[in-house]
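Same chain, two partners: chain A is paired with chain B first, then with chain C.
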Partner chain A sequence: MKNPANKGLMTLILPTFLTLVAITVLPILITFGISLFYIKLTSAAGPVFIGLENYFELFTDDRFLNSLVVTVELIFIPVALQIVIGLLLAMILKEKLPGMGWMRIAFLLPAVIPPAVSGLVWKLFIVPGAGGLTYGASLFGMDLSLDLLSMPSSALAVVVATSVWVGTPFVALLMLSALESIGEEQYEAARIDGANWFQRHWYISVPEMLPVIVTVTVFRILEALAIFPIIFVLTGGGPAGSTEPINYYAYVNGFEYLRVDYAATIIFFFFVAMMGATAPFLINIARREGREARS
Partner chain B sequence: MADVEIKKLTKSFGTVEVIPEMDLVIPDGSFTVLVGPSGCGKSTLLRMIAGLELQTSGDLSIGGVDVRGRDPSDRGIAMVFQSYALYPHMTVRENISFALRLAKADPAEIEARVQNAADILQLTPLLDRRPKQLSGGQRQRVAIGRAIVRNPEVFLFDEPLSNLDAALRVQMRVEIMELHERLKTTMVYVTHDQVEAMTMADRIVVLNEGRIEQVGSPLELYDTPQTAFVAGFIGSPKMNFVRGDIPERLGGDLLGVRPEHMTLGEGDTGWTARIHLLEQLGSDTFAHVDSEVGPLIVRCHREVAELVGRDLRVAAKPGMLHLFKDGRRTDAPETL
Partner chain C sequence: MKPAEKLFAYVVATVFIVFLVAPVVWLLSTSFKGQLDIFAKPPVLIGDFTLENYREVLTDRRFMGSFLNSVIISSLTVVFSMLLALPAAYGLSRLRSPAKIPLLSWVLLVRAAPGMIYVIPYFMVFNEIGLIDTRLGLVLINTVFTAPLAIWILISFFDGIPYEIEEAARVDGATRFQAFTKVAIPMAAPGIASAAILVFIFSWNEFLFALTLTRFEAKTAAIAILNYMGYAGTEWGKIAAAGILILLPVAIFAIGIRKYFVQTAAGGVKG
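Moving on, here comes the complex of A and B:
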């Protein structure tokens, strides 16, 4: 599209463009560059170019393959739960029940607490024998003093629960604002047509919120990758790598084993995979925003 | 087919009393228009009949059945909203058949009823479109179609034509009246437009601040308004009102004369007056005059244009006076 009126606008876009290049594109390219070398930080010898050798290692590395599985479990499952629970909560919050104003404020709290603090809160909650969980269970006459973080399956469950706890309220609030923009009369018409609460949301809210749901899902996935601090505080990736997603494994390689080149390989691979997975949605969103901006 | 019976009905939102206490019977098969100024409680009343709003106290029955506590879908009503309230992601066919599909009706039966509604409303070519691809008038027809397929005993309309332009409004007005002719179902129609009320209704209920001012046929309301409010509300242009000495001499406090019941000319009886503005509508001419009793509007022939700027007399035709005391109608003399 050549629009003469757009001439000269490039100078306005350029600063933003350059900044974006400097803070996103350049680091990615440098990461890719590093991944092509053999680098030993502890020796005096300089980097040696080894081509794609690191990438071949990647696909024979069991611990890496395990971290792929964990990534799906830790990122996609929590996001799916966040979306479903968030949507349900939004539908409940929309009802004009007494006290809902306060509920909404209380809902924002987990979203504004730093993730590392959330991790600590949950760690304290499940301290074996002394935490809130043991206490809560004892109220129901149960004895629950296991160390949940010491077993692979329960450790994963704790991390998932924490991530859902942190992420859901924000999703719920986004969903709620989308929900409240739907005309009330549609719901009233549906009530007259005989739709119950669930049917009203299923036939009206969900289809109308679909674009919002897709957008929120994509951004939650991108944001869920920031699960790192929760894991760092809660489990350190253990036990036995059961809560070690890709980015945590990269951290371990870079900062514990000092294998900077291998860490860069993991990160670059991950970047490409994530772009591949979310590109269709991101392009869709960008198109729609472009269309809305024009009309 | 059913009547709607309202007994000692009240409605408050919190501490705000919107409908103080109301008794009203909407006869079976009638086209009843609820009319009144904005905020007088028309929608609230309609929504209570629909069950979208719960009455604070009192009784409401449809077809002799007390509907308190019944779901809107279970009252034998169907409602058409001002905003159409169509389901945007469903096609016209899906919109119209939604209630039947929820009720798990037989597919052949659904198809037949949708076809029937589409025939009545000329929607057949549009059945596979979405609401976005329709004009305002078409959308409102879909909304009416959605009401028709439910075979309701009472149709409820809340200002269904307010979002349409003037020409379309006239056309849809006729279509809704024809629909009533055809179905003979009770219809309750809310509007704040007194022209709509006059042309469509066989019964008009005039509401003001949650109270019923008067119930009657359009011409009853026009010819014998029982309150000053109805006198001022029904009729366009508005009835002329004169206050002060003149009504007091007659035993009231407000004298009303409709614009078409006044004469304007160069005679020597009546109040002195001068034309200060002429509204030419082609068929009618409305003269806005400044008279010794205040500003008045008089319906005249277009020839009055020649009288602009002259000293004139304006008078009420005999037998056409409306006299009010404390807002209520009292007997008026034949002439002044």
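Moving on, here comes the complex of A and C:
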């Protein structure tokens, strides 16, 4: 605060930050607090303090352990596909080939459709025997009328496909804007050396874009479980828990079984794990943003 | 690119665009189909054209009430978020202090927390103070995510305004607050508009909070559409028409700000 240029700035910043503390940090602390109690909403008896007992229950709860596995599947499979396909599409869009200009606008579509509607879009598309998928197969003379949501592995595949569908175009557009900021001369030199299109990108674009790729990957990981509405609409976590990630299981506990204490335990556990894994990256991003500003 | 490489590019782009567009085209075509065509076996892409689904949705008072809720809640969320975000973003952009990095990190961390962690405490507190199933309650919890998002976007827009102009105003006797309201805000107007649109879209699309914190009165359109998945079977015609109606305003907005959309929506993803 000794720098005179800062004068008056804290009075602009502080009210917002105090409000944000009240509406974000406080609720997170309350969630942790709730997880330390035994609470039965349906009975008149008050909450009983039980320490970390809810956390011990997690590790003997098969359904929770299953949701951990599903969480890993639903984070890593879609994010890997989004990054790889997104990068490939960005490389293609950058060439500005005839007839591809409109795709940049079409790519905005899944990013603006409400997730619940995305779930419905896909549910409608795969209605057994009467959906668009069956129609598409019939164009190739195939008779496809399976109920994809009735089997664990295919239900998971549908959720993964929807997640890829929602996230990939957006990743592609982000990658594209990073790709377009790389100087043309580097590619020219590689072209003269006889590198083909793919090699040029592999040896020039990918190393140049590595910071962007890492940042996008971190954000996609953080966003991965935001497909909650899609799961809610498509599968409800089933069949047999095959599409029930950790945040969905927390929801089921809190709002179907009315076990808010256990729901708080599950989600707080996830919060700590997620923050532990990604906080260093996020702080790094903030540091870069802080430095980038003019001085 | 060599011809073989071009061919590869077109094949990949075509396959992806079919994957991307086909489900939405199916939704659109279903919205104009009658009941018989929707369940035709084998399915048909274009049925007998009808506007019946739209008529039923638009005259469904419960759904249209939710649609109005979405408009009001999203607009108020924009107002709330901007009131919180504008001064903070301006201050952070101009701040030259070691406190800047922790403050910026914190903005990102808050936004990165899973939404479910907020639901349980808000549910319990709202239950106590009567904010369950109210528009105000939903605006409040939406702001948890949208204010940090707006702060983050606005900082880079304020960073882009040359400091000299404010300096000149300060020399002429303007206070810091006047420099903020009279100089910085008007100059950052395009950025403020795109941040506002993004906040609107976020709030419009929000699902988890609206699902858990509303019941009937304050239900938003993104939740009300699920009413058409009843026990008596799913009314796909109405769902398709309602789905189109819900995504239309947002799609128009997004195309309007498409120059900024990708960078701002990424909120922190920079080179």
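Everything that follows uses one rule, which is that the second predicted complex is superposed on the first by the 280 of 295 C-alpha atoms of A that agree within 3 Å, B and C clash if a C-alpha of one lies under 4 Å from a C-alpha of the other, contacts with A are read in each partner's own complex, and residues count from 1 in each chain.
The rule is short, and it goes like this: a contact is a pair of C-beta atoms (placed from the backbone, for glycine too) under 8 Å apart; a residue touches a chain by one contact, two chains touch by 3 or more.
This one's a predicted model, so the numbers in the text were calculated from it and none came from an experiment.
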item	value
First (chain B), second (chain C), both or neither touched by A:239	neither
Touched partner set for A:34, first chain B, second chain C, both or neither	second
Chain B versus chain C as contact partner of A:152, first or second or both or neither	neither
Between chain B and chain C, more extensive residue contact with chain A	C
Contacts of A:9 with chain B and chain C, given as first, second, both or neither	second
Partner chain in contact with A:128 - chain B first, chain C second, else both or neither	neither
Partner chain in contact with A:193 - chain B first, chain C second, else both or neither	first
Interface residues of chain A shared between complexes with chain B and chain C	none
Chain B residues within the chain A interface of the complex	50, 52, 71-74, 77-79, 81, 83, 85-90, 98-99, 102-103, 146, 150
Partner chain A, residues of chain C touching it in the complex	1-2, 5-6, 9-10, 12-13, 16-17, 19-27, 30, 38-45, 84-85, 87-88, 90-97, 100-101, 103-105, 107-110, 112-125, 140-141, 143-144, 147-148, 151, 155-156, 159, 163, 175-177, 180, 201, 204-205, 207-208, 211-212, 222-223, 225-226, 236, 239-240, 243, 246-247, 250-251, 253-255, 258, 261-263, 265-266, 268-271
Partner chain C, residues of chain A touching it in the complex	1, 3, 5-10, 12-13, 15-17, 19-20, 23-28, 30-31, 34, 85, 88-89, 92-93, 95, 97, 100, 103-117, 120-122, 124-125, 127, 129-132, 134-136, 138, 145, 165, 168-170, 173-174, 177-178, 181, 196-198, 211-212, 215-216, 219, 222, 225-226, 228-229, 232-233, 247, 250-251, 254-255, 260, 263-264, 267-268, 270-271, 274-275, 278-279, 282-283, 285-290, 292-295
Residues on chain A engaged by chain B in the complex (per definition of touch)	183, 185-186, 188-195, 199, 203-204, 207-208
